[in-house]
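What follows is a set of structures to go through.
First chain A sits with chain B, and in the next complex the same chain sits with chain C.
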Partner chain A sequence: MEWYLTRAGAKRLQLEAEQMQSDEGSRRFSLYHDTETGDLMWRGPVSVHGHLHQDVRLIYDENHPYEKMTIYVRKPELMKHTIHIHPDGSCCVMRDEEWSPQWTPYTVYLTVLRFLTDYYEGRLE
Partner chain B sequence: MINARKVLIYESGVQEVKKDEMFWAGKGLESGKYFLGMIHSNRVFEITDFIDAGPNAVRTPASYSPDNKYAEQRKAELQKQKPDLRLLGEYHLHPWNGPTQPSSGDFCQLREIKNGIRPWYIIMLVNAEGELKFWDIDGKEEKLTEVPHQVLKLPENAKEELLSRISQIVQSEALAKKSVAIVGLGSGGSVISRYLGVTGIGRLVLIDNEELELPNLIRHEGTIEDIGKPKTEICKRSIESHNPFTVVETQVIDVLKEQEKLEEILDTCDLIIGATGSAKVNNLINKISLDLNKPTVYGGVFEKASGGYVLAVQPNKTACFNCAFELASKSYAVDENVSRNYGIPIEELHAQQGLYVDISLVALMVAKVGLAMLQEPDFIEKYNFLLYKNPFSIQKAKIERRQDCASCNFEGWVKATEEKLLKEPEKPKARAGFFSRLWRR
Partner chain C sequence: MVLRRVPSALVNADRVVLEGEPTEELPLGQVYISPTVGVRDGERGDTIEDLPNDAREIPKTEYFGIFGLGRKKRSSPPQSFETETVSIETALTEKKWFELPEGISRLRAELLEMKRYFPELELYQNDVGSLVWKGEIEGLGEVEVQYPEVYPRGLPRLVLKTTEAEKSELARKIFEHHFQVTPAVALVIAMKYLARRIPNGVVSDSSGSEKATVRG
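== the complex of A and B ==
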C-alpha cells in the first residue's frame, strides 16, 4: 500500500500540504500524482537570482519519509556540469546521510533554494 | 513439526558411515543405520551414536529394511548410559553415483514419521561417492529441504567443554534460544559477528551483499584466499570454526532494494545489529525495528575512525535512531552508493582511512552492548548511547526520546508540526547569511 494511504501517512501528507501552504514561495507548488509512473510529487516554480525554473519537482519516495525525496529542476533544466546533477537530471541537493524522517517537502523546498543559489553563484563543484 | 537448523556430526561418525558405504555400495546394495543424539535449544542436532542395521536387516539394490527389533534393544541400551539421547533419524545409502536426493519413498516415509511420533526426524543420504547430505521436511510447504551440516573433529559432547570458560558468566540456556541479525559485515560488522558468535547465542543471521576486496583485507576477518568471496560466507566460516554450536545463517541481499525480505528476516530475530554505519540503512532498520518492536543496536565510526558511537534502542520506550539522528548519522559507511552520492570516485572510496584496531574497538562495544541487550536490558534505563573518542575515552549518555520524532512518536510530530503552522512561519535555519543575501538581491 502506498505510504499516503495509511492513516498515519494521510495525516502526514495533510500536514505537509499545510506546511507548503504556509510559505509564500512554496504555496505556488501543487500536489500532483503521475498516473503513468505512480509518482506522487509537488510541482511548482522556483526563481533564484532572476533565473526562473517553471517546473521544479519534489518527488516522494515510495518509502517516505524513510528515504529521501528526488528533486528535478526543469524548464529550463540545469546544465550537467556539476557532479551534483545526476545523468538522469535529478539534483543531489542533500546526501543520503543527511536525510531523516523529520524532513518534509517544505524543508526540501528550502534546500532546493539553497542549492540553486549555490549553483548560480558558482559554488557547486 | 520440529525442523533442524543445523546438524553436527563427529568425524568418528562420518568414518563409521563411510565404512558401511564402502562395504555395501561395493556389493551394489542399499544400506542404512539409525542415528541418535541431542537436540539443542537452537535446533542444532548433534549426532553422537549410530545403531547398525542389525543381523536381520534386508538389503536389495533398491530398498533397505533395518532389523527394528535389534534397533529397539540397542537404543534402550544406549539410553540407559545416556538418558538425554534420542533417536534423531536414519541414514540411507544409495549405492549409485549421482546426487544424494531422497527418493519419493524416502519422502513419504519421512513425512509419516514426522507427522507421527517423532516430529523432529531427519534423514541422511549417502551416495556411492561418499557424499553425505541431511534432509528435513519444511513444515509449512511440505517439501524436502537440505539441512546444513558440519563435521566436528572434536571429542564427543564437546559443547560443555567448549563453553566451560564462559558458562559461569553468561546465561547460556537463555542465550541459546536467542536469534540475532547483523546487518552489514564490513570492518565493524565482521568483528561484531565474530565476537557475538562465541558467546553461546543460538542463532546468528548475517546480512550483507558484498564480496571481500583487496582493500578490505587489513580490516576484515577474511584472508587473502577469501578475496572475491561473499563476506557473509567468510564470517560464517570464521564463527563456525570457533563455535560450531551456533547456527549461522547467511542472507546475501541488498537491504535497500529488498526491504520486504529484510523485514521477514528481522522478524525471526530477537535483536538487530545495524552495523553498516549508513544513516540511510539505519533509517530503514529503525522503521522495521519500531514496526516489529525489536530491540536494536546501532554502531558506527567517525571519519578516520577518530571515534565512534553505539546506540541501543528499546523500540517505543527509548530514543530511536531518528531521535539520535544528529549524533549518530555522522559516521561514514564504506559503500558504493554513499560514494556516488558524495561524488567520491570508487578509487577514493578505498582511500577512506581508519585503522582496524580503532574500528574494532567500537565494534567490540557494539557486541558488548548487544549481549547486554539480550541478558540484562535494564542498563538502558541509565544510558543508551556510548561515545568513543580516540584515544581511550568512552562517555555514556542517556538520549531522551524526541517529543516530535517522526519515526517513533508520530502523534508528537503531528502536534509539533501543527503548533509550528499556527505560529508565524519561522526563518529557516539555512547556511549563515544565505537568506539575508538572498533577500538583499
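== the complex of A and C ==
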C-alpha cells in the first residue's frame, strides 16, 4: 500500500498540504500523481534572482517520510556544470543521512530556494 | 538584547527564539529562508538584524556531490503527468497494516518470534486500535513495544525506563537497523545496549568477561 493511503500517511499528507499553503511561494505548488510511475509529487514554479523555473518537482519517496524526496528543476532545466546536479537532472540538496522524518515538502521547497540561490550566485562547486 | 521569533519549518519542531544583539551572527548549522527576500546564513556573516520577518529556519544541509549517488531508482525524470489528486477522505477508511494479507503473515511470524525469544510479553490492542507488546523483562523492567501505524515502514517504538540520553542513543541504534527491525529485534538491541547498567544483565560484554576469566 502506498504510504499516503495508510491512516497515518493520509494525516501526514494533509498536514504537509496545509504547510505548503503557508506562504505565497509554496502555495503555487499543487499535488500531482503520475499514473505511469506511481509517483506522488508537488509541482510548481520557483523564481530566484529573476530566474523563473516553471516546473519544479518535489517527488515523494515510496517510503516517505523515512527516505528523502527527489527534486527536479525544469522549464528550464539547470545546466549540469556542477556535480550537485545529476545526469538525469535531479538536484542533490542534501546527504542521505541529513534527511529525517521531520522534513516535509515545504522544508524541501525552502532548501530548493537556498540551492537555487547558491546556484545563481555561483557558490556551487 | 533582541528577541526574534523564527518559525521552524520542520514538522514537530518548536518555534525557536533567537536572542542576541542585532549585530550578532545567526547560529551556525541553520539557514533562514525568506521566500520573498532570500537566504540568510550565519556562515556568510548575516546577523540577527538581517532576518526578514517571513524567514523560516531549516537545517543547513550539505549538497551531495557524486554523480549517480543519492538517487535510488529512477534513471530518468518522470515525463507524463495526470492532474489526479489523492483523496484523503478515502484514505482514512483504509485498513490497518495487520488486517491486510501481507500484514497478517508478518504478524503471524512475529508472534512466533516473540513467543520464542520474549514469552514474557503479550500482545494487546490499545484504545486507538494499534498493536502493543507489553510485559516485564528481567533487567529491563516494564517494557512496551508499540507498532507504528505504517509498520513495517515505520520502526517499532520501545517504551522503557531509561534516561533521556539512553533513550536517544537507543533510538539511534534501532534506527541504524532501519527497516529490518521487528519488536524482538528492538528488544534485543535494547538489552544489548543497556546491559552495562543491568546487574547480572542478560547480555554482557562477553569479550571483557572472557579475558578476565582467563587472567583469573
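Throughout what follows, the second predicted complex is superposed on the first by the 125 of 125 C-alpha atoms of A that agree within 3 Å, B and C clash if a C-alpha of one lies under 4 Å from a C-alpha of the other, contacts with A are read in each partner's own complex, and residues count from 1 in each chain.
The rule is short, and it goes like this: a contact is a pair of C-beta atoms (placed from the backbone, for glycine too) under 8 Å apart; a residue touches a chain by one contact, two chains touch by 3 or more.
Small disclaimer: the values here were computed from a predicted structure and weren't measured.
**Student:** Counting only touches as set out at the top, which of chain B and chain C does A:37 meet: first, second, both, neither?
**Tutor:** second
**Student:** Identify which of chain B and chain C touches the larger number of residues of chain A.
**Tutor:** Here the partner covering more residues of chain A is C.
**Student:** On the A-aligned overlay, A:18 touches which partner chain: chain B = first, chain C = second, or both, or neither?
**Tutor:** The first partner, chain B, only.
**Student:** Could you say whether A:96 touches chain B, chain C, both of them, or neither, answering first, second, both or neither?
**Tutor:** Touch partners of A:96: chain B and chain C.
**Student:** Which partner does A:54 reach: the first (chain B), the second (chain C), both, or neither?
**Tutor:** After superposition on chain A, A:54 lies in contact with neither partner.
**Student:** Give one of first, second, both or neither to describe whether A:125 is in contact with chain B, with chain C, with both, or with none.
**Tutor:** Both: A:125 reaches chain B and chain C.
**Student:** So, A:10: does it touch chain B (first), chain C (second), both, or neither?
**Tutor:** After superposing on A, A:10 lies in contact with chain C but is clear of chain B.
**Student:** Does chain B (first) or chain C (second) touch A:110, or do both, or does neither?
**Tutor:** A:110: touches chain B and chain C.
**Student:** So, A:66: does it touch chain B (first), chain C (second), both, or neither?
**Tutor:** both
**Student:** Show me the chain A residues, by the header's touch rule, that chain B contacts in one structure and chain C contacts in the other.
**Tutor:** 8, 11-12, 15, 19, 23, 63, 66-67, 83-84, 92, 95-96, 98, 101-102, 104, 107, 110, 113-114, 117, 125
**Student:** Chain A touches which residues of chain C in the complex?
**Tutor:** 9-13, 31, 33, 35-36, 38-39, 54, 56, 58-59, 61-68, 70-72, 74-86, 88, 91-92, 94, 96-97, 100, 148-150, 153-154, 179
**Student:** Can you tell me which positions in chain A touch chain C when the two form their complex?
**Tutor:** These residues of chain A touch chain C: 1, 3-16, 19, 23-26, 30-37, 39-41, 43, 57, 59, 61, 63, 66-67, 70, 72, 74, 83-84, 86-90, 92-96, 98, 101-104, 106-107, 110-111, 113-115, 117-118, 124-125.
**Student:** Would you tell me which residues of chain B are touching chain A in their complex?
**Tutor:** Of all residues in chain B, those touching chain A are 259, 278-280, 283-284, 286-287, 322, 325, 329-330, 332-333, 337-338, 341-343, 404-407, 410, 413-414, 417-418, 420-421, 425, 428, 430-431, 434, 437-438, 441.
**Student:** Going by the contact rule at the top, pick out the chain A residues touching chain B in the complex.
**Tutor:** My answer: residues 8, 11-12, 15, 18-19, 22-23, 48-49, 63, 65-68, 83-84, 92, 95-102, 104, 107, 110, 113-114, 117, 125.
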